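So, here's a batch of structures to check.
Next come two complexes built around subunit A: one with subunit B, the other with subunit C.
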Partner chain A sequence: MRPENYEAQRQPPSNEYELNFGPNHPGIEGNYALKVKLHGDIVLEAKADGGYLHRGFEKLMEQRLWIQNIALVPRICVPDPSPMELCYSMAVEELCGLKVPQRAQWLRVMQLELSRIAAHLFTFGGHAATTGMYSTMYWGVADRDLLLDLFEEFTGGRVYSIYNIPGGVRRELPEGFLQRLTETLDYIESRLPDYDNLFFKNQVFVKRAKGTGVMSREQALEWGVTGPNLRATGLAFDVRRDDPYLVYDQLAFDIPVEESGDAWARTLVRRKELMESIRILRQVVEILPDIHGPIRAPIPNPLAWNVPAGETYTRVESSKGELCYYVVSNGGPKPYRVHVRGPSSMHAVQVLEKMSVGSRIEDIAQTMFSLDACPPEVDR
Partner chain B sequence: MVMSRLQKIPVVEEKKGNPLARVFDDLVRFCRSRSLFILHYCTGCGAIELPPAMTSRFDMERLGIQPMVSPRQADILLITGYVSIKTLKRVILTYEQMGSPKYVVGICSCTVNGGMYWQSYATAKKLDEYMPVDLYIAGCMPRPEAVISGLQKLMDRIKNGEADSWQDYYRNYDYYLGNQQKLFGEDWQTPTDIITEAKHYELMGEGTLGQHTRLLEQHQQPLEALEMRLGHKLKEPVE
Partner chain C sequence: MSQQVAHWLDNLLKEIEGIEVRRKSSRRVRVDVPADALPALLELLQGRAGYIHLSAISCVDWIDDGEFELVYHVWSYESHSLVSAHIRIAREPGVYLSVYDLYQPAAFFERDIHEMYGIHFEGSPNMEKFILTEWDGPPPMRKEFDSEAYINEHLSWQEYNPEWLQELVAEGGGVIIPPEEQRFSQKKK
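== the complex of A and B ==
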């Protein structure tokens, strides 16, 4: 199973060898591969080998109607699909000059933050599994499922909600939903001390994660790192605060930062972000009942919808980092060009390649999970 | 009256062979259906519903189904979603390495007919053109309950001796190889010698050999040890 794009440079000396790490490997996240050159168990060189999940999204989107693409975009990032549909909808709204009603904006914030919590719980689970702590994985996945139940209730879909459409959201909240949301948030908050004892304060994890996959702030900026990975190097940059979209400027939340820039710091940043998301959701629960009005701006017949010519660039903060869409329209019924700038393309390729060098082979999986890279979004 | 009732009773086929051996076979099949190992290979986005299905909430382990990391010890190859062409090569190599009896389950609409990506240039649309599939679980994506009920159907089929698609791969190797060659070029070959295995299992069928397997012999290169291959040059892409 040698990759097509990879050729060995020279005959290695007998104590150096090459290893294919993935795609069929339990330590790798998703369908992704790394080719590593090792000396003993120290990594000398690593090369990312993606493309196993390539579907040609950007081309597919040029062949579908504006409204059809809403169903397509969540598939780009499977664990955290909501920011994808939101970012695309925002781009289309900007091109058409649509104004999103207030209530829809609050509902969108609620969906985004729920999705962020779900994605972070999933990441904790995966990260814990790479250090051998499977109970955290079981817990994380089970608690995430409670959030998926909420998603199912108010959007109709467990994983791919397809809740946003250009101009607003698709459905009104079911009756009593905010009550159930509060209960779930209470439950998840009550679980966090258990997570601390089992995972975040566990010496097995702390000893392995500290000093693994370190990057400095300069390196992070140079490599295009965004999101929690950037904040773990001490730079408090968050699109939600620094370039607010939706109603984030009316909400109170902090940007957690850590200084050390290693796997430990990245995980702690996510742990604190989870708390912030819960805080945001509680504010939403409080404010949402007082906001009335439509949930959707009127749009023309979606099957014959010619979006005015122009180009736009929108960005949102997903749980993995900064997610941007560049959309060009030539006034036709389909996009002329869509480009997706996902955070994982940087994290899983250039950052992972550089950070693996010098580490031990058993830490590669941990580094990858602590970067929270999402292979389907790398390959698209 | 009596006759009509009698007619409804299904005719039980007379089974050949030693009755004791038959009981033994049934027992083996029963045990086999109760301890299934799924190969841990996530090919597409449907894989995101597997962790919930396997862990505490839906708990597949109570049915005796567990993930397994190496293909040689796994029984089920779960294709969780779309397979891009690059992945399909690995899937076929993995499938051929698994020990018989092996079962292929296609989760997600994408394995049935291409699903969402019906017009994509990068994905293989119908999985059963490249390997025999025992069971499809349709949906985009199927819920964990659907996955579990699908796997229960597979267990029933294994128990009744109906899940024997792996024999089909030996009997119709030429068809599957032909489709693979269409995608990967006609010098495509895998390290596993399917024809010798078919002879060994006495599963040579009419479709085992044919025009495509002849190409295999034509392009045959002896398998070398991995160290020998490190310097090997890339072949020119076949148009």
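== the complex of A and C ==
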């Protein structure tokens, strides 16, 4: 995409034109581009163009020790890094046959759900900004910051917490943390009516989002769509319930669904998921004090750790959909192969390309944000 | 996955010749098949067993065996189980068939594997570069590609010693680790 590699070509007169939408554009999520062909305002063809965030994680992981990779994986998805740590740790645990202590599992659930709320608030903010409602963006980012404070307190890191390690978690909770967690949850919950009035019930947003970027359930299944985007087409599928990991099978939560499959439905599903995550966290707060014991299983010297040969495929429900790691070990001190399947590898490429066709140019940004596409997951 | 479904799946898979089925856990099944039998297997899984979601295609480079391993992970929304179908293809010439006709998500994964490993998938809708648009070196995820050697050969290292760091060191603060000691993983080699 460097300008010197492209020569301007004289084209015959036409009403059609091409436009590079991104990589530096306020309507694009992350560093990503869409090359669109337009007729007036209508998109005739869209081609995704990625690679701006390619950092070669999969290759790097083959060159690092098993334990070192824990610091690497959260960087694959910036807005929602916690599921990355967990998915990788789960893979190593499975290869080593490590049994994670109960308390660590509950702490992991707490971290994941906090991360989910933070990611959704971020997405709402970005989505609102595409319809010109910047206040929601400022609110979303500011409220997310309160969650980052909590992350900082119990993990030491605000964004990349690096809290999971194979076998459990790194730290015990600070004193009085659950009380502060409850206070923050109360605050976030008390803010939701304001968000509803400002954004979710706002006619500017509702009229723009309804009927934009529609996909049917059949299309969603055919295109490999997962997560909230799939649930917005009426299929109640959630890895947390249907392929359970950690202690999700002991928690009570609903799986919100919508039927219309448009940008409105997808956003609404996320809005309802926020409530479910708060509900899960309240259960964690209630149960966690009664669960005692170690927070990690004993592991060998991590600097001389040869993970037994084998392969495994682990799945986690991230805020964007189905996140999977395929990890292969040949019995050495470093992974032989790690394949990251980010949910956005579907949403940001094929799905976005197909959904953009026929839409108006001003709806591209909204479609992308409603899909909650995360380019760093695609580029890895 | 209930016992009944598991039994039924086992019977179904017996229809393929040369297949080896291993149940890893209640929701994970590993299947090894000869490369030619994979399209038939996927067709069977998708059409008769409800495995309609292609979760991913993973590629592993077994350079010592001269082979690539391709793993097709398919999920069933009905029986809530995941089948991973493993095949091996020769590293040279590294050509295989696309399964795009059966699973549309395959287009992304095949394009990605083509870019990173150089495997060509016949019949895949788009084999253009996506991530490494301006890269003209060898496919970088192949085991013979040594990224550190490539960097040393093609790029030059720069000394990084800005003024603020010098001041910090002069005051007795800051720790500078010599480059050869920075990464213990490298030292072990």
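Throughout what follows, the second predicted complex is superposed on the first by the 367 of 380 C-alpha atoms of A that agree within 3 Å, B and C clash if a C-alpha of one lies under 4 Å from a C-alpha of the other, contacts with A are read in each partner's own complex, and residues count from 1 in each chain.
Basically, contacts are C-beta pairs under 8 Å (C-beta built on N, C-alpha and C of every residue); 3 or more make two chains touch, one makes a residue touch a chain.
Predicted, not measured: the structure shown is a model, and the values here were computed from it.
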{"item": "Touching partner for A:243 - first (subunit B), second (subunit C), both, neither", "value": "second"}
{"item": "A:56 touches, of subunit B and subunit C: first, second, both or neither?", "value": "both"}
{"item": "Contacts of A:328 with subunit B and subunit C, given as first, second, both or neither", "value": "second"}
{"item": "Partner chain(s) touched by A:297 [first = subunit B, second = subunit C, both, neither]", "value": "neither"}
{"item": "First, second, both or neither for A:315, with subunit B first and subunit C second", "value": "second"}
{"item": "Partner chain in contact with A:19 - subunit B first, subunit C second, else both or neither", "value": "neither"}
{"item": "Which superposed partner A:44 touches (first subunit B, second subunit C, both, neither)", "value": "neither"}
{"item": "Contact residues common to both interfaces of subunit A (with subunit B and with subunit C)", "value": "1-2, 51, 54, 56, 59, 63, 379"}
{"item": "Touching residues on subunit A, where the partner in the complex is subunit B", "value": "1-2, 4, 7-8, 10-12, 18, 23-26, 30-31, 51-56, 59-60, 63, 71-72, 75, 78-79, 122, 125, 137-139, 141-142, 144-145, 148, 158-160, 376, 379"}
{"item": "Subunit B to subunit A touching residues, read off their complex", "value": "39-45, 47-49, 51-52, 55-57, 67, 69, 71, 82, 84, 86-87, 89-90, 93-94, 116-117, 119-123, 140-141, 143, 229-231, 233-234"}
{"item": "Touch list for subunit C against partner subunit A, complex", "value": "27-28, 52-56, 58-61, 71, 73, 77, 80, 82, 84, 103-105, 107-109, 112, 116, 130-134, 140-141, 147-148, 184-185, 188"}
{"item": "Interfacial residue positions of subunit A with respect to subunit C in the complex", "value": "1-2, 5, 48-51, 54, 56, 58-59, 63-65, 68, 221-224, 226, 235, 237, 242-243, 303, 311, 313, 315, 322, 324, 326, 328, 333-334, 336-337, 339, 341, 345-346, 349-350, 378-379"}
